[in-house]
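Common to both upcoming complexes is subunit A, partnered first by subunit B, then by subunit C.
Our next item is the complex of A and B:
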């Protein structure tokens, strides 16, 4: 797809029109309590959006897999039970200024959500959403997207990719959805100067992340599989509180719980809630047996799932290198350091300790 | 209909197996679902009590018995305790069938040994009736079933019925100390009873379900008897929520119990990380 020039004014009127026609537009906005803290929130105009201003505290996950959502509601009657389904069709929405890591995460999680049986709730929202990503300004040293095959200029999962240039954006339509969104909004060809400016910004951003961590080697997934019983796991989780904050902020962690809630004596709902493999009850059997009895096994599950299980099942890592888990961890666990440590270990001890 | 939406089922019959284990016979409320519902021995489902939640059990009845399914459960958690409070005629939810199944087709023309302990008989019972309902298509059938005590034996009427049959060999056993004065079966733990009762012949398959400790000590006996690990089938039961490979709870390494299992061969179990 070709790069076209999208002026600020043109983007501004596009947003205004979308909002006027009932499309929900989501963009990073500065929160009221702290101008440094960004969140993806509905906006009414381009002026409300803080584009390429930093990383929103939470990823886009909430918009597709809400932290809590109703799967069905029920009503007990004399004849039995009546179930009311929730609609799987979602309201159209455009996400403006998505970070490339957050856009890529959606495409990664699509794989498990469409694994044999389709999760229509997730997929319905995906279908109804158009994602306009923007070149990432790179938050800090916790970012390592380039190590896991994403990048600050990665177009994966995006329908349109914007790179800020003088007077507006260089806009790349990555999908048909993106093409139709941009239809008639752009100047056909960006001038060579704008293209050069964009390319310079892209490679600078890329270089900045690459300095944080080297690419994860191809054999890492296999090493993790073979070293499930390695003694390194026994001490790695000592700082982990098991709070699950990492999973909440993670754009690819998708584990959930299903619970029923009474509303009154005869009515209630079945909900799906975010859950985390880091909590002790996650795998607890009703007999009292727990296959992952300590934090060591639970933390190993987190790392194995992201860098070994998912690659084996779906051909890619369940991580976009966004760095949110490292930033939020109360125990100071840093994924760049942890993965880096394991990679060094794998290089020095490729034999492994077996199971 | 989204994938987490259950079918409604009516409790047609309740059987108390032991003091804490109960079997429900369930019928689909929607005749169209009842007509089209198909499953294979070893598959499981998510059973729900509305307002309490969902719980995972195998389908304990045989696919050869049409028009209903059965499940057996011990009242240990929130949902199973709520299930126990329900009465005949009450409505529950059911999603399924999920997972893989016992290779009944592959077993045809061969001998089959069924080994179970405690409530582990539920998935095995499903396979036993499947085989017995097509008895002429299998060679020798052997059943070894044990429980901690006589009172803990489940499906007692069926145990009696199987004991009377001449086309199968059955060994019922209780752990030492669990016998009653009237007990006519063996007094031995399951692995010991297996060693005494089972003889390996060429082309024999084994199905083993029970508490992890029973499986742990029975597998070496099977080795000794000469069963190849590829001919021994068992089921794994991990905590699950979705049953569909999405909720991320039941995996053992890269193996998803809900999708790749719940039926695994002893050879597959040995190749897995020992985290179950």
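Our next item is the complex of A and C:
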């Protein structure tokens, strides 16, 4: 894991070669309707990419777990049912300019995707992908990655990590995949000035996020479990519409629904679609009973799953502090404020935190 | 502003209501506020950043809010139409809600998180729904506060959109909407924030029979959005919350505005804040032009 210098020209020719050899290259690009709006999209050259220009509206999740995808198709014949599964091998792709919160999210979700049964589609795409992250410029006051163990300079989930410096990037190969991508592209040793410049930018970015929110204390997860029946779940959930926009933009929300859809009398497909615990339908039983009858239970579920259930099962939080949920929420729910409020409540343990 | 805060404090202190739903400055811009303590009433604000339609919180689904007790709600003219709609369609009763109307000088198209607290409305930033608004001084209220500000500017950004849409051929229009709907992930955020989407069992959630596939396929997306619009015809209050909530930025307001135009043209009806005025789809006339429905 060494820091090497990667010039703009060298990165540019790397991207051109990847594209020419059939690798899909994804990077943040400015959208047609607004230059302020970025989206991760396929690019043909480095010039198309808007690196470290801000946070793309949606995370990388959709590239690994599409909002809808066919799992298998079936056909009824005289002999029985013919099943055709979809291929689980994916086309090679490189993600250039991933934000550290988005890269880390993939590694966190890997845990559930390779837990009791292996999610071949997710893992197949992960295997075929090389992730080149970049030092995050920090979007705004909704960012809190450092509070959940990530950071604007975190290399988690990245194969290569870039820090912009004069004339190019300081490139760190974090995995073997990253090493082979960079092979022959970098000047062996970056000069000390570039390293100093990079370190300065990294610590400045880190400091900027740290000012938004303190680190989540160790006992938080246990407190959440113990306070499942706390009245704060109702007061904090009041403005929540239950629209689930937070889950759509969240890099770590990964719940899906599986449905069989007939195409005609004998043929059909089995699909999986994104789902969200914020909607009433998510837990609705066929009897009509709903164990999470109102938005307070659904809001609690979102927080408990991210900061208590997932840590208990997998040893880490299901959140990378990207702040997208707070930015998209039509009701003005704010995760920095919510988690901060719950932490102070857990510290005082007096109860009754109101709006 | 002070008038609003004092009124809210008094209503809470006198226990006329247990919660006042209004607007406050949140950590990232203006947002809905739920004031349950008279001492917190000073948090209430009203200015052009208050784009949200709070009437959504009165829907029968919002059990966790109803639990608090009697509600007073702050409404602009467009929001008052939604309160009237909920009364007209018997989702709430007039006497169970205290309506605090604010005289309105227009709101922003989008409530930006980083905007300064004082915003001047301009042709560029004003909501398209404010153009020619006839409800700047709502008629449905228990209390009305503020002075009537000057008329808002007319949105230059989006004024010609409907005309453009109408100019398209059927095939072009089909292509336009298919492209827009291809982004839809069927998260249903549009439905959840809509004050008039209050069906306890939405047809899109029915599984037996499954009228609309739950997958975001082109056919199902088209079916869902078309059906929602048909159900909203003559009921939509034009608050544009669906468009604001859409995480995929589908211009749903184009549909609602278009449908509202058709209803106005065919039935001479614009949604209003008088619950006693029947909506075209909610009334049967013995002298109806159409024989099948008489």
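The working rule: the second predicted complex is superposed on the first by the 349 of 355 C-alpha atoms of A that agree within 3 Å, B and C clash if a C-alpha of one lies under 4 Å from a C-alpha of the other, contacts with A are read in each partner's own complex, and residues count from 1 in each chain.
Throughout what follows, a contact is a pair of C-beta atoms (placed from the backbone, for glycine too) under 8 Å apart; a residue touches a chain by one contact, two chains touch by 3 or more.
If you're wondering where the values come from, they're calculated on a predicted model, not measured in any experiment.
Of the two partner chains, subunit B is the only one touched by A:115; subunit C is not. After overlaying the two complexes on the shared chain, residue contacts for A:86 are found with subunit B alone; subunit C is out of touch.
By the document's definition of touching, of the two partners only subunit C reaches A:294; subunit B does not.
By the touch criterion defined above, A:71 reaches subunit B but does not reach subunit C. Once the two complexes are overlaid on the shared chain, A:274 sits against subunit C while remaining clear of subunit B. In the superposition on chain A, A:328 makes contact with subunit C only, not with subunit B. By the touch criterion defined above, A:259 reaches both subunit B and subunit C. Subunit A uses residues 257, 259, 261, 355 to touch subunit B in one structure and subunit C in the other. Those residues of subunit C whose C-beta lies close enough to touch subunit A in the complex are 26-37, 40, 52, 56-57, 61-65, 67-68, 113-114, 185-189, 191-193, 205, 213-217, 241, 244-248. Those residues of subunit B that touch subunit A in the complex are listed here as 1-6, 8, 10, 29, 48-54, 76-77, 80, 90-91, 93, 212, 237-239, 241-242, 244-254, 256, 259, 273-276.
The residues of subunit A lying in touch with subunit C in their complex are 58, 67-68, 140-142, 234-235, 237-239, 241-245, 247-249, 257, 259, 261, 271, 273-274, 276, 279-281, 293-296, 326-328, 330-332, 334, 336-337, 354-355.
Listing the residues of subunit A that touch subunit B in their complex gives 71-72, 74, 76, 80-81, 83, 85-86, 88, 112-113, 115-121, 225, 228-229, 254-262, 268, 270, 272, 275, 277, 282-287, 289, 291-292, 297, 301, 304-305, 308-309, 312-313, 355.
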